[in-house]
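Working notes for the structure below.
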Amino acid sequence: MTNEKFQPIAGNVSPRFAGMPTFMRLPHVQIEETDEVDIGIIGVPWDGGTTNRPGPRHGPRQLRDLSTMIRTMHPVSRIDPFQLTNVADLGDSPINPVDVQDALKRITGFYDQVLSRDVLPMTAGGDHLVSLPVLRSLAKKHGAMGMIHFDAHTDLFDSYFDGFKYTHGTPFRRAIEEGCLDPKKVVQIGIRGTMYGTDDVDFAEEVGVRIIRIEELMDRGVEDVMNEARKIVGDSKTYISFDIDGIDPSQAPGTGTPEIGGFTSFQAQQMVRLLQGLNLVGADLVEVSPPFDSSGNTAWVGASMIFELLCVLADAVHSRKGK
Amino acid sequence: MTNEKFQPIAGNVSPRFAGMPTFMRLPHVQIEETDEVDIGIIGVPWDGGTTNRPGPRHGPRQLRDLSTMIRTMHPVSRIDPFQLTNVADLGDSPINPVDVQDALKRITGFYDQVLSRDVLPMTAGGDHLVSLPVLRSLAKKHGAMGMIHFDAHTDLFDSYFDGFKYTHGTPFRRAIEEGCLDPKKVVQIGIRGTMYGTDDVDFAEEVGVRIIRIEELMDRGVEDVMNEARKIVGDSKTYISFDIDGIDPSQAPGTGTPEIGGFTSFQAQQMVRLLQGLNLVGADLVEVSPPFDSSGNTAWVGASMIFELLCVLADAVHSRKGK
Amino acid sequence: MTNEKFQPIAGNVSPRFAGMPTFMRLPHVQIEETDEVDIGIIGVPWDGGTTNRPGPRHGPRQLRDLSTMIRTMHPVSRIDPFQLTNVADLGDSPINPVDVQDALKRITGFYDQVLSRDVLPMTAGGDHLVSLPVLRSLAKKHGAMGMIHFDAHTDLFDSYFDGFKYTHGTPFRRAIEEGCLDPKKVVQIGIRGTMYGTDDVDFAEEVGVRIIRIEELMDRGVEDVMNEARKIVGDSKTYISFDIDGIDPSQAPGTGTPEIGGFTSFQAQQMVRLLQGLNLVGADLVEVSPPFDSSGNTAWVGASMIFELLCVLADAVHSRKGK
Amino acid sequence: MTNEKFQPIAGNVSPRFAGMPTFMRLPHVQIEETDEVDIGIIGVPWDGGTTNRPGPRHGPRQLRDLSTMIRTMHPVSRIDPFQLTNVADLGDSPINPVDVQDALKRITGFYDQVLSRDVLPMTAGGDHLVSLPVLRSLAKKHGAMGMIHFDAHTDLFDSYFDGFKYTHGTPFRRAIEEGCLDPKKVVQIGIRGTMYGTDDVDFAEEVGVRIIRIEELMDRGVEDVMNEARKIVGDSKTYISFDIDGIDPSQAPGTGTPEIGGFTSFQAQQMVRLLQGLNLVGADLVEVSPPFDSSGNTAWVGASMIFELLCVLADAVHSRKGK
Amino acid sequence: MTNEKFQPIAGNVSPRFAGMPTFMRLPHVQIEETDEVDIGIIGVPWDGGTTNRPGPRHGPRQLRDLSTMIRTMHPVSRIDPFQLTNVADLGDSPINPVDVQDALKRITGFYDQVLSRDVLPMTAGGDHLVSLPVLRSLAKKHGAMGMIHFDAHTDLFDSYFDGFKYTHGTPFRRAIEEGCLDPKKVVQIGIRGTMYGTDDVDFAEEVGVRIIRIEELMDRGVEDVMNEARKIVGDSKTYISFDIDGIDPSQAPGTGTPEIGGFTSFQAQQMVRLLQGLNLVGADLVEVSPPFDSSGNTAWVGASMIFELLCVLADAVHSRKGK
Amino acid sequence: MTNEKFQPIAGNVSPRFAGMPTFMRLPHVQIEETDEVDIGIIGVPWDGGTTNRPGPRHGPRQLRDLSTMIRTMHPVSRIDPFQLTNVADLGDSPINPVDVQDALKRITGFYDQVLSRDVLPMTAGGDHLVSLPVLRSLAKKHGAMGMIHFDAHTDLFDSYFDGFKYTHGTPFRRAIEEGCLDPKKVVQIGIRGTMYGTDDVDFAEEVGVRIIRIEELMDRGVEDVMNEARKIVGDSKTYISFDIDGIDPSQAPGTGTPEIGGFTSFQAQQMVRLLQGLNLVGADLVEVSPPFDSSGNTAWVGASMIFELLCVLADAVHSRKGK
């Protein structure tokens, strides 16, 4: 059943450092030629919403580079996403580095095309504001979705710098206000870091977003927390948003707003594995900032997590197809 | 009750990368103008006691730089130290990079001034020998104090290089000998690393210093260990000394004498939070060595721990005021 | 005649790594308290016009850090700018990282204040779009100015990304169109790098901007070229804009758009020294991008060039005062 | 009983950064002069089997450099390997960077000499293919051995690039095929990472190699797992092979094939300590790749683990001598 | 006359950090689909001949990444190679990291295909041994060629490590022996560095290779030297081999065998520009070693020099077509 | 005439990354066993005189590491210092990182031994204060010497920090005052950088030290300047002191007090080559600070310059022997 057109190049045939660095060494397919594609990995090289240290605009390229070290089969679930589904690298979304509103429009426009072609998007950011235009597209198709959100920050703030409402600290407030997300089906995991006030957490409480702080995660353990998370989203259409800064900065230093005391990449892997079986409609991995980690170590964590996400996405797509 | 003069600049008003990098974006106040100041954050840019890899002389500057990413409220205790007390950046103590004894005198001289103005000192080193002149000043005011000491090393050695008694491996032996510390009220947490002999631990046992090695900490857990630590110091006047090398070198590589297998920054946060309620008279964070981590990741851990320390110090100052 | 209030702290009194990193270790003076200030060094931590690799928003802080290694007297001209004039660090201009037009307004607003208080601005960027709002303020006071511009690029492009007119590749086209610069009195030195077309150089030719490419500079030598440059601006009010990417990337790698084959920092020093005697009204040094050179080597070149610029600015201010 | 000739130089006599960087600051002894030597630390600066990112050829030098920060006594077991046995740095094995088969021969040739002089080898690689020629030499003396193997990968693959059988992914398949290892006495700990298929694990199952994946290790804990490992090797002659990539890449980034979600260096220390009492005949530590971590942090972890290994090796040698 | 299919994506339409990093943002064309292609840029990700510090296997990928900052028109000659000819990225040649002879065969095999399709090859290495299999292919078509060779080393050595004849220090000795190069039409420019003996220069003298040491280049100047070089090759079919280590290591540190005191990148540009008009049949740029410069600065110099080479190659192809 | 005992290991026999990193891969000889040694390369791992950024204490080790890439014969003079003389690595001088006066004594003590055994010292620092104790030893033997001094700074200051007379900015003032140097036979080349005043240059003028600033060097050229330098020292016993910061910081960034606009490493090579024939009695290369350049690029420049110095020293020793 394997579609040979959509198989990654194997590292024991051609070494991983060889060849064009597409995501997972998959074929690069133009949006117009995605007829057979089930899942598209898409870069959004944009950080126009960044209020602090910049750089995630360079994320997709470094993630592609490091992703060439990923192989094809998951070592625990034994899922091979490239067997279950046709996955392709769809290249990068159009963006605009010097105008936020224009960029948001360009991104949504691209995702509208992706979704109109029935491709499930796995996004590689970019800063966290990237999630907003993606969710806008998805919501047109799916309505208000549930979301499982891994992050050090809630990204539920109202505005910055005296009234500016579109930054990487505000996407999910906007997405809830705009009806893209159903706040009662949103859970945020790993939250921590000093605060300027309680604006974000008050909003969360008000609208019903469940925040699981890092202390609670460490205390209850990964399995218990993920059981609750699964219950929150139930069988709703669900999006996964994974901010690399949820992981401890010793493992993912290349990010703009690190917070010490995070969860480990081992915990991250276990948590994502526990998302298998949900009704997933898309995912993103954001805030990898190469200028703050030119070694590529952070992007390696990011690429590894994209593979984990890809496995549960492919399983979801395959299951839905099977029905 | 907030004193507007002593409020940090908020990052959602002026981004964190903007403006002068004082500690926590606080006002820089000259020692002569500290009438309203309760807590002074003080840099001691000196590493004259370093026997191995140098660099902590650059610590205060990099810590100030990274500290501008700290916000104002603690996410768990909800303490805002800048509401409870007036905190200011007092700049750097005078030092001397080419003469140890002269430097020790200059530092004690500066802290004598600080204490005479009733300012509680939160020190950013510098190497660990910095603690000695600070303790000398504090002991003039408070007598022999208790100490909770986080570190990979005991720093209880007698001398180096054939009789040299003032290095970053000897400060607490000197402080005990000089009566600045009451050894029966001293507890050291996180100790590990290979040894040249048992000189230091024999001394500890002899005078009653309690050493909690890393294996014991990992085995008993943070809470149990901190209960014991709190009992050891009781309600005595207590100093906290936090050597960044107590934390695992993957999280804090920028230090001169790393030892693998340390506690995590998450554990460090939990431990310091459990110091709330003690009768604290000062604290230091030392051994951040920027030349060994130009990324600033170590200094970010350091700045984050300074904020944790600041919260328990502010709570202590506020409580005493309240009485 | 020395004003003690405006003297840098000497490195043989307090080492250069000690104390608050203001520009040149000068006092930090609020804009409201600049009565005695002749020259203000101002940071503009903003890179909202950057179309390629970001980071100059972090420039002012790293430049301040490295500038603490600068001493007080020029080794060749023996000018001590701090004796000739009162120089102060005025801190950073307000900016906005998520909206270009708002940022331009905030910057011009700040410079309007600076100029209304008769302070000559020495600006540390920020990307090159920073020059535009500064020139707008200066032009209100001085009319269309001459400019000596060191750069690898002309920054005379019309627009990017299908009609966006405010980027770091367009400031001087805008400034000429808006009448801030007299194009016949503008000379650009060091231009090089591959091209997408001749849009910029055609515009230059059309309006009379003189471009001295790197090959011409290398061929004729620094002195001959600077004689021509001095003639071009004559005794007009003249601005100096120094893009760090004019210097070869081996000496200044920390910048967003490097072009190989540049002039050396030695040549840069000689060129700026030959600007002494012009009727200077301001200067900037831009495009230092710390995330692309965390070593600080680029910022050290930048800080050294700011000192060179400061010497010729101070001489100009002093001369005008003397008249 | 101490042999003064084989004592490391102490860091409180001559600082650690001083002097020739031999392993552990031990004397460098030529192979011909090893009459009194019990344990030889040997570098194998070779990475000819590397199929991905190169660099371990530089491992021995950086490991020697960092090893000068190691002291002499183990902090928990209180073993001083330099008191129990005579340890020396035997320098580097001959190798050949441009021919795999020639290199394998040169290495085995050198180890044949080492073993003929009754020196137990502690090897610092080099990539993991280095283990094969070492095992070939050891097997001539000891027959098929047991092995405790710490790694992210099984290194049990058959071949690469269409039939090439000697790479750093195949050494233990070759060693088992050649009768150097008894597969029923081989245990692999820490295995993880994506897969191209099940070739390696199928082979393991077939021949009886026990694989303890990272999830099992994290779940059961270090002590339980090591009890099983000890049982597997029993009192057979046993080799320890420690691939630095077994440790999480946040702690050991300087390696060619990192896999996220590894065990910590604290766990690594506890695991090696639990090998005391086994019938050990040699050990190696491989895959430290300095070009991918010029900071030396990875080599510091490596050098620290070499010391842990040295302690259990010295104890084994000492015990056998005592009998 | 422009072929729209072979145009790079412009950076003022889509920013340079966006999209798949092919060479110069050109289309990636499979070898089978090169009917319209005049010049193919080909990566050879292999460093199997490296006797010292490894890493050039990673060269093609980092060169591709940085090459996305190159634009389309040469600023001095105004040549736009993408207007004159159809240029494409042909991806990477097959290689083998663990066997030198097999790798040489695979590379020659690939170039045989390229040449059979009448594509002129512009190669991005890889180490300098890469030139040998390329020259072997070219010589089948063109016979013994002339060569202009920029380098710090002659690469004319006979063998290493007791008889191994295929390393990155021997390619041109082999190529001359095998009749791929006509030694009387070979000139080497920039040679320097300490020596083990005169084996290579004696051979050069014997067979008639002209060596222009760095001192001679600096003394006579670029133009005079290049006049001589042009005379040496005359109108013969000529290959250009550019080893990045010819350039001073301050500008190109990411290479395995740096030698201080090299020519500048400015001089390199001028020298290559003076090759316009020769009868060029191919070129390579080798020895960029990303692990020794993760900043990408060296690769930026390399990508810039590839563009310079591309311009003179395109001009040659265009001229021959015109005849 | 070659003494086989004192030959470096050749890189085409054993690769440069293999084996113990002694200087130039020479034998490490204890001071007591130097009977046949003509020239000793000695490390002084000490930076106790550093008033600014520390680190040269790590210089000898990194210089040794990089020096293993040096071969044996000079490419221009064809001098092979290991044929002309017996050269050995004498290891490191004893030092003391925590006490300046004690360190000065230990160093002079070691050099007294070296000189008593008729070994000419080639010193690798360490900071520039290292030159003082070396000159004290040499002066006991040779009286007041001439000196050719390459540096960005005069190091002729009187004192720092209110009366401290022994820093890396004062060695030559002390050496002149103590009669170790004859100031009329001292020439300083490359001087530049901002000043706090004219204390040092006034002293130079007063006592007759000739300062050749960088502008004069660039203007007159290397040959003319070196002719003058040779005349100044004549046939006096002459010491060479080479501060790495004389070279431009783009080529030698790893140093504590960089000054932009320096001479190139190519010029440095030419200048040292022109010292052949002088009556040389010793040399040093100082201020390489590894923590500020972990890449080793600066140390590579340093090691290359040590080889240049070694060639002229060996020639001098050989000439004197010949007489």
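In this document, chain identifiers A, B, C, D, E and F correspond to the written order of the chains, with residue numbering beginning at 1 in each.
Everything below uses one rule, namely that a contact is a pair of C-beta atoms (placed from the backbone, for glycine too) under 8 Å apart; a residue touches a chain by one contact, two chains touch by 3 or more.
This structure is a prediction, so every number in the text was calculated from the model and none was measured.
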item	value
Chain labels contacting subunit B and also subunit F	C, D
Turn needed to bring subunit A onto subunit E - CA fit, degrees, nearest 5	180
Centroid-based (C-alpha) most distant chain relative to subunit B	E
Interface numbering overlap (same over half, different under half) for subunit B and subunit D	different
Subunit B and subunit E: spacing of chain centres that average the CA atoms, whole Å	56
Distance from the mean Cα position of subunit C to that of subunit B, given in whole angstrom	40
Junction residues of subunit E - those touching two or more other chains	15, 17, 51, 53, 57-58, 97, 160-161, 248, 250-251, 292, 295
Set of all touching chain pairs, with the criterion as stated earlier	A-B, A-C, A-D, A-E, B-C, B-D, B-F, C-E, C-F, D-E, D-F, E-F
Subunit F partner contacts - residues on subunit D that touch it in the complex	14-15, 17-22, 28, 43, 45, 57-58, 60-61, 64-65, 89, 91-92, 94-95, 97, 294-296
Residue ranges of subunit B touching subunit F (in the complex, touch as defined)	47-51, 53-55, 57-58, 96-100, 102, 160-161, 164, 166-167, 291-292
Subunit A contact footprint on subunit B (complex, rising order)	10-13, 15-17, 69-76, 248, 250-251, 264-266, 268-270, 295, 297, 300-301, 304, 307
Complex interface listing, subunit C residues touching subunit E	51-53, 157, 160-162, 169, 191-198, 213-215, 218, 248-251, 253, 257-262, 292-293
